[in-house]
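Next come the structures, one after another.
Shared between the two complexes below is chain A, which has chain B as its partner in the first and chain C in the second.
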Partner chain A sequence: MSTSMSMVRRVLWELWLPVLLVAIWWFASANSTNFYFPPLADIMDEFVDIWFFEGIRTEIWPSVQRLALGFGIAVVAGVVLGMLLGVVDWLDNAVRPIVEFLRATPGVAILPVMVLLLGLGTSMKVGIIALVATWPILLNTIDGVRSVEPVLRQVAASHRLKLSHRIRFIILPNAAPQIFAGARTALAISVVAMVISEMVGTPGGIGYFILDAQRSFNTVAMWTGIIALGILGYLLNKLFALVEGRALSWHRGMTAHNNGGK
Partner chain B sequence: MGAVIDRTSADAGATPASADAVPVAPTRRRPRAARRARAVSLVQKVVALLVALLIWHVFARTGGSAAGVPTPAELVETGSDMVTTGDYWSAVGNTLSSALIGFALSVLIGVPIGLLNGSFPAMERSTRFVIDFGRTIPGVAILPVVLLLFGSNRSMVLILVMFSAVWPILVQATYAAQQLSPQMRQVATSFRLSRTSRIRDIYFPSALPFLMTGLRISATISLLITISSEFLGGAPGLGQRLYSTLTVNDNDRMFVYVVTAALLGVALNWVLVAAQRRVLWWHPSEREKNR
Partner chain C sequence: MTVTTENTAGQPAATSDTPVIQVQGLGHAYGPRQIFEGLEFSVGQGEFVCIVGPSGVGKTTLLQSLTGLLQPSQGAVVFEGTTVKSPPEGLAIVFQDYSRSLMPWLSVLDNVALPLRSMGIKKAERVRMATEALTEVGLRDVTDAYPWQLSGGMQQRVAIARALACQPRAIVMDEPFASVDAQTRAELEDLVLRVRDHLGITVMLVTHDIDEAVYLADTVLVLSGKPATVSAMIPVELPVPRHQLDTKALPKFAELRTEVYRLIKNSGAPSASA
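Up next, the complex of A and B:
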């Protein structure tokens, strides 16, 4: 389908609805005196003033740094523990109920505990992001490690591969698609955790900015913050897809080959 | 099915190549050995749980005592006092009903739109960007707006839940409608299946696995966002209790609410897994587990 349709047409197909929606918002709110829905034109003016580039530096960048740190900790912890549990069966069996319990716990419920232990500052914000993001990665890593084909395991055993080589050449590549699937879920939860932790914690960050604007009844600024947060979420997701596409390009090629495709 | 799989892995175990990696299949043949294996597995689980509780206890007595972390025994004591009060159950009830109503509304909105989207490529292409954008916005971002419009009540919670939980269902319903294999379509055509039979025997079963995935993700999100919006927006429920006990340093009760929220999450997950096993017992992903 994509070959028959030119790039331009595809872009037009995808863009007409968003453009229409924004246009409706723009004209419907043009002369709005409603306090909650200020004219979009005003919001855009304010948006440029607030976010370019002062706001990006003072609010978004610290948020993104905390997110990256928390998410990074979750990836390392999730993959390392997941491989351990994926390889050592009895350990996985023993701690499985505990892992399932922690995984099913809604992240906000842990937030008060984190506040109690770590206070309202950066360590709490990073900690809660790391904690909620670890579980999807951990469980997906276990599944990924388990999904290594028995024949491959046997080949590794009969060649007496060192553990480090087994991990590097057999376990990790096989589990990678699953790990990425888990990390994608984890990223979405991380962003939510980032926003909530900032709304609760000490001043600073985009979540705090939005809630603070609402509390001081500055609705225009609040709307710019929401739009900025929406764009940030979208860009993070795209960035992740880009990294995933690069890291797993060999895998897609292999599956296509195995299925008799291209 | 299970027997076939067992035999193949047992055969594989008999090959000399994996002499040290003997699979578990042979032990499963004898019921006594199987019983022993189950007992060992249970003991492992119990020991792990006891170790975790011990670590918690020690932490509460040492490093956590400054912060006021209760020991497991203290937690149980406070908890058993609280579960006899109507006040506690009203918080649980509020959270549970908000999450369920929000989830139901998300399903009612998400499934029809998703199925339509998957059936008409033009519609899917037109809405792709909007859906992509909508689902990446963290739901709590619009909390301040909704809070201004509705105040600290259930409507606020429901709007937020829908705004967050509708996307996974919508996306999965789109996949469900798209992934119907051409072979199945051809089978339906060549057997001249009636419309009802087509929907009942072909479309519905092939859509179900995708829909179940969407439902599971959305249900989890519903509970998370319900508690989050209660916590941040002050609507009655567990989230609001968590916030109020945190601000007045009532740690014992706060931990009971934390554990309650966790148990709700576990129960929800358990119900969803059971439901999935019931309706998808024929699907390869479920059959694998029954080995």
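Up next, the complex of A and C:
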């Protein structure tokens, strides 16, 4: 079995269902006169016109920028606060109830408050993304920090490692698999927050585009927006997996080794 | 003054006038449960002391208080003239479970070099020292591997190299060969003896294995009872260098292990030590 062969197989395995569904959609909608469900052929024509490349520049790019900023803030805040709460027990005990409460509150419910505080512009949109994305990263970071092997703590103590080295070479890498798991969840809800904030806020962005198209009864454009959003989400996930694979190559190697070896 | 590091031709170096480690009335209790009490002994420069006792006797607790990882309830440990309050410079520890004491996200070399980095040693020098320590334990060729890619015995060698890299004057080992197979265990025992002879460092090794204790030590310290006390310090007058087959075939070896065994059994330890 050559690797290129298995590669082809993997790709086919991943593609067969999407291809089948698109085909069904394509033929089922081919002669559709239903206003809400226009033929996929029409949607695709329009899709190319709208999104390549004008729409990418004017709608998707600003959305992605806000997403990246909000998500970036969430990662930094979640990891830094999570490290702090994970290491300092009494602090965690003191704020844990509030953290649990805020996490359990759906981020979207805070949207009206954010609008009141930050208005309808970019800061509100970035703010809501950062807010909802912080929780899963924060909580996973706390767990990851807590899970440091007691023996490793003793190793660190016996070698009198500096605090900065303990954080950088022991605590952070130990928590990394869990931080990434949290960040993956956070990325998914960031996209949701991005779309909703754009539907509520000032014009611009892919979320606003979809809502605007729907309001102006341009269902074909609306569908293209939804498809573009789906593709964007898919690509973001792929990008994330790529970064994760790089950062956690030791972890994947070790897991495979432990499962395969012995 | 101290005895030269010319090691112990049959006569243990315990007679050295400045002990490296002095244990003074040491005791520890977890709550109302007294683990050990009234321990008094000292370890001389370059001496190899094995602490042996049945499981559950508190060997690991003793080791943690010896190294400053744990504050003992009573008494004190003095390392090179200073009372130990936290892990002192010049004393390195090798833990029992190599699979947990090595960082799986760092290469073998980085694992060994990390303590050096915290000591503020420059990169080139760190790499040189770490490579030297790895060469000492016969792992020169696997510096770029991750620990989990190595066998158990090799991982424990990495842990030993990490302890050696900081050029400690004393090294404390907690059942270091408990999780490897018999063949590897014998290899590692000889490795530790060789390293000790080569570097002239003081070694304290905790084990439940009587044969291992007698084979390695200049002095065997028997711990038993509840709470545990030192029931004997037995000088091991076996010729050096030790040899896995020849040494263990000596009548004196059998005599010593019987003596240690009796001490452990008869000193009122109620548990049949599983």
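The working rule: the second predicted complex is superposed on the first by the 242 of 262 C-alpha atoms of A that agree within 3 Å, B and C clash if a C-alpha of one lies under 4 Å from a C-alpha of the other, contacts with A are read in each partner's own complex, and residues count from 1 in each chain.
As a working rule, contacts are C-beta pairs under 8 Å (C-beta built on N, C-alpha and C of every residue); 3 or more make two chains touch, one makes a residue touch a chain.
Please read all numbers here as calculations on a predicted model, not as lab measurements.
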{"item": "Contacts of A:A213 with chain B and chain C, given as first, second, both or neither", "value": "first"}
{"item": "Touching partner for A:N93 - first (chain B), second (chain C), both, neither", "value": "first"}
{"item": "Contacts of A:I24 with chain B and chain C, given as first, second, both or neither", "value": "neither"}
{"item": "Touched partner set for A:V115, first chain B, second chain C, both or neither", "value": "first"}
{"item": "Chain A residues touched by each partner, larger count belonging to chain B or chain C", "value": "B"}
{"item": "Touching partner for A:M254 - first (chain B), second (chain C), both, neither", "value": "second"}
{"item": "First (chain B), second (chain C), both or neither touched by A:W16", "value": "first"}
{"item": "Partner chain(s) touched by A:L152 [first = chain B, second = chain C, both, neither]", "value": "second"}
{"item": "Chain B versus chain C as contact partner of A:V243, first or second or both or neither", "value": "neither"}
{"item": "Chain B versus chain C as contact partner of A:M222, first or second or both or neither", "value": "first"}
{"item": "Touching both chain C and chain B, counted on chain A across the two superposed complexes", "value": "154-155, 157-158"}
{"item": "Residue numbers on chain A that touch chain B, as the complex places them", "value": "1, 10, 13-18, 21, 36, 90, 93-98, 100-113, 115-117, 150, 153-155, 157-158, 188, 191-192, 194-196, 199-200, 207, 210-211, 213-214, 219, 222-223, 226, 229-230, 233-234, 236-237"}
{"item": "In the complex with chain A, residue positions of chain C that touch it", "value": "64, 67, 69, 86-87, 89, 91-93, 95, 97, 100-101, 103-106, 114-115, 117-118, 146, 148-149, 162, 166"}
{"item": "Complex contacts: residues of chain B adjacent to chain A", "value": "9, 12, 15, 17-18, 20-21, 23, 41, 44-45, 47-49, 52, 64, 67-69, 121-122, 125-130, 132-133, 136-145, 147-149, 220, 223-224, 227-228, 231-232, 238-239, 242-243, 245-246, 251, 254-255, 257-258, 261-262, 264-266, 268-269"}
{"item": "Chain C contact footprint on chain A (complex, rising order)", "value": "149, 151-152, 154-155, 157-162, 165, 169-170, 173-174, 176, 250-251, 253-254, 257-258"}
